[in-house]
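There are structures below to look over.
Two complexes follow with subunit A in common, the first pairing it with subunit B and the second with subunit C.
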Partner chain A sequence: MNRLIFCELERLLKSKLTWYLLVCTPILAYVTGNYIHVFYPSETMSSSLFVIIGLRENLYLPCNIAVAAIVAAVYTEEYRGGQLRLLFLRQYSRGKMFVSKLLVINMTILALLVIMGISLSLVGLIQFQNEGEATIPLTKNLPFIFQYYILAYLTLAAISCLFSYIALISKNVTYMLGISIGYVLISLLFDGIFLYFANFFENGSFMHELVAFVLIPYMQHTGVHSLMNEHNTHSILPMAAILIFYMVVFIWTAYRRFVRDDYLY
Partner chain B sequence: MTNTVMEVSQITKTIGKRTIIHESSFQLETGKIYGFIGPNGAGKTTLMRIMTGLIQPTSGEVRIDSYHIKTQRQQAIARVGAIIESPIFFEYMTGRQVLRNLSRLHPTIKSAQREEHIEKLLTTVGLEKRGNDKVRTYSLGMKQRLGIAQSMLGRPKLLLLDEPSNGLDPLGMRELRDIIITLRESENLAFFISSHLLDELQQMCDELIIIREGSIIWKGPKENIVKDGQRLEDAFVELVQ
Partner chain C sequence: MFGVWISEMERIWKSKSMLILYLIFILLLAANVWGGVLNGSGSLRFGAGRIELNNLNMPWFMMDGISLVLTLVVLPVIYVNQLSGEIHSGAYRLYVLRPFTRFQIWFSKLLALASTTVILIAFTFIFSMAAAWLLFPQADAMTLYGSNASVNVTKAIFYSFNFFGLFTLACLAKLMFCSVICLFISRPLVSFVAIFVLSLLIYRIAIDLVILSDPFQKILLALRPEGYSPFWIYSLGTLIICGLISFVKWQRKMV
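Right after this comes the complex of A and B.
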């Protein structure tokens, strides 16, 4: 299994896409810093707050797009392109190959989050070091930052499961990216629709939170922040249920397609 | 002592209401080159995909060196290498990187021997000078040769080649034929080659297996179907019409 994972990582690292994402992450952090200067009053911002706000601003769109691109490179391109024949004709089972690809996707997401965190920290220290009346040193705020990033990782891992399923049913990479980004945009642009249905239930109830955060990009935009900053602890169980649902259902259906279907490409 | 390297027993493949392959059976022995021929749409590629486990048969079984392709997959697949349809690689990698990457999936190849093994394979197929070039810069003939190199990574006993001469010029076809015959002589490999280039096959093959509309209609030594001086193409057309 280690050999499979190493092989997948080797191929991913040889691909230009991975290096574009690695290079773009610090650039995105810098651009976010400039954006924050424009839209957030400087007295409310500090370097440690920027690490969280910076992630929050990028989590629901750029991060999801990056995850979709990684999943497309790992699954769709090889599945539809026929390169998987080269792997299926080796001694490893398809199940192990699927799991290794999944692990590599999650390792890459984690690595990109860490790079984003470090980049935002550096940008924050340079651009916001002396700003903010409630300046808390970055080091003191680390436990909170760590929790926020763990939550962010869990949402990205869950959405990668959905994207993995989309990757295996899409005709090509363009379809896959189109459907995935379409899902993200619809989640953000039409939040009024599922909030309307959520309001059929009592505000703050399990069902209300479940319906409100059923689409992950909206959960990333609003739910994670309200959980961490406003301490809406009644959101924990519904959000956990949604994330587990995505992870279990979509990975199982993607697994079945990858492992059981005849490979005709 | 049996020389049988692969047994295909009563393979049937049905998709929906259509039977693609109907109760096909044959055996392959080491050191022989088998030609697998049939009209377009006869089921050649489908059967080759079943032989490599890419597709599951509706019924029947495939055994490689007596190991079942499905239940004893690891042992079975270790003994076979294949190019199915067009040779497709990771275009952003060089030929050497492709072989290195795939060689990691063969537990029998020790790390210390990896580079030497890859170099030997590249030399065998005549790509030693192009090994550091990206696969996207390769011609079709070079990709076919790289395909043979990757199929030999695990030191298989049997190579399945699906239309390996497709798109090759006469020089390329000659080089490929020489590689196949050399490997048969030096490594005692068995080859199972599907092709529409019957003159090419006639020069290489020891035995033929002919398929039409999903059923094996003839199998045996080449001499039994091709009379002295006759072209395989004429014998084939006589048989299938």
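Right after this comes the complex of A and C.
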């Protein structure tokens, strides 16, 4: 199993796309630094705050698109390229191959998030060195930053399960990316529709939060931020329920599709 | 030449994936209209205030979100699939064996994609007009965007028609932009991501190139009585420059 995971990881690392994403992450951190310099008052920004705000600005769109691209490279592109036909000839079961691919996707997401965090810290230290540093030192704020990044990782892991399912039902890379990015944009643009239904329930109740954050990009945009900054602890349970639902349902359906369906035809 | 165009149209529209995409798009339009009916009013994304929806302003207002989804997702999916997808899969090796010049083959492909774009936008226009007149309160005057002047029903319909016309122009500019990217990056996965990222970042070169990702506000500015010349300059400029690059690159492209 370890050899299989290592083999999958090696194949993903040999792809130019992975390296583009790795190189683009520090560039994205730098661009975010410039953007925040323009749109946020400089006296309220510190390097430790930038590590969080920088991720918040990128989590719901660039990070989700990066995850969609990785998933497309791992599943759909291998199918289109015919590489899966060769992989299935190996002695490993399809179930093990699926699990190894899923692990590799999650390891890559984690690696990208760590690089993002380091890049944002460095950019923050350079660009916001003397501003607000006395109030929130980077080292003292580490536990809060760590919690925020763990939450961000969980949302990305959950959305990667949905994207894996989309990747397995799409036999074409562009359609897979189109549906995934469409899902992200629709979640952010048409939030009024599901917030309308959320308002049928009492504000702050379990059901209200469950309906409001049912689409992960909106949860990343609003939910994670309000949970961490405004301490809306009542939204922990509904958000956890949604993430678990995504992970269980979509891993299971994707697994069934990969293992039992006649995927190659 | 007409035969090549018909053949390209058949290849686009006879694909099952295209029909599924079209169905998803119709569902999205319906959900958007339904959202408008439920809320009764809507906010313009770029802080231009809130408007009460009626049969005269609904057709163009519903494009606030739809235009973004069309220019960033739906149309690039079709373009990349037809351009990069066919170059990458080697389908063009067979196409170029046909008794037509390279120019004719590429021109017919882009013409077929342009026709598909026009069909999609025309359908959206008819759908939004029908939904607006059937489901929204009837009004006899509409206030123009960026002005206090009110116009009657005929002029309001003409305004919506012009909006969709200008949106078509922005989408054709996007088609040419995508064709250039697809010729330089033939791997569909990378070209789609590159088109998405470049469309979002290119406005840093010139703010009016935002028409390649989100043309809604610029179209409304161009429809004001005083007009907005940068919209015409950048949309026509992108169309012509990217068109030229696309045809020159295609002549030298190894398929």
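Note that the second predicted complex is superposed on the first by the 259 of 265 C-alpha atoms of A that agree within 3 Å, B and C clash if a C-alpha of one lies under 4 Å from a C-alpha of the other, contacts with A are read in each partner's own complex, and residues count from 1 in each chain.
As a convention for this text, a contact is a pair of C-beta atoms (placed from the backbone, for glycine too) under 8 Å apart; a residue touches a chain by one contact, two chains touch by 3 or more.
Computed from a prediction, not measured in an experiment: that's the story for all the values here.
Enquirer: Identify the partner contact of A:Leu89: answer first if only subunit B is touched, second if only subunit C is, both if each is, neither if none is.
Expert: first
Enquirer: With both complexes overlaid on chain A, does A:Tyr196 touch subunit B (first), subunit C (second), both or neither?
Expert: After superposing on A, A:Tyr196 lies in contact with subunit C but is clear of subunit B.
Enquirer: May I ask you to decide whether A:Ile65 touches subunit B, subunit C, both, or neither, giving the answer as first, second, both or neither?
Expert: second
Enquirer: Using the touch definition from the top, say if A:Val38 reaches subunit B (first), subunit C (second), both or neither.
Expert: Once the two structures are laid over each other on A, A:Val38 reaches no partner at all.
Enquirer: With the two complexes superposed on chain A, say which partner A:Leu185 touches: subunit B (first), subunit C (second), both, or neither.
Expert: A:Leu185 sits against subunit C, while subunit B stays out of touch.
Enquirer: Given the touch rule stated above, what does A:Lys16 touch, subunit B (first), subunit C (second), both, or neither?
Expert: After superposition on chain A, A:Lys16 lies in contact with both partners, subunit B and subunit C.
Enquirer: Going by the contact definition given at the top, which residues of subunit A touch subunit B in one complex and subunit C in the other?
Expert: Touching subunit B in the first complex and subunit C in the second, residues 16 of subunit A appear in both lists.
Enquirer: Hey, which residues of subunit A end up touching subunit C in the complex?
Expert: On the subunit A side, the touching residues are 16-17, 20, 65, 69, 72-73, 77, 171-175, 177-179, 181-182, 185-186, 189-190, 192-193, 196.
Enquirer: In their complex, what parts of subunit B are in touch with subunit A?
Expert: 49, 52-56, 73-74, 77-78, 80-82, 84-86, 88-90, 92-93, 97, 101-102, 104-107, 150-151, 154
Enquirer: For the complex, give me every residue of subunit C touching subunit A.
Expert: My answer: residues 17, 20-21, 24, 28, 31-32, 34-35, 38-39, 42, 65, 68-69, 72-74, 76-77, 80-81, 84-85, 188-190, 192-193, 196-197.
Enquirer: Given the complex with subunit B, which residues does subunit A contribute to the contact?
Expert: 3-4, 6-7, 10-11, 14-16, 81-83, 85-93, 262-264
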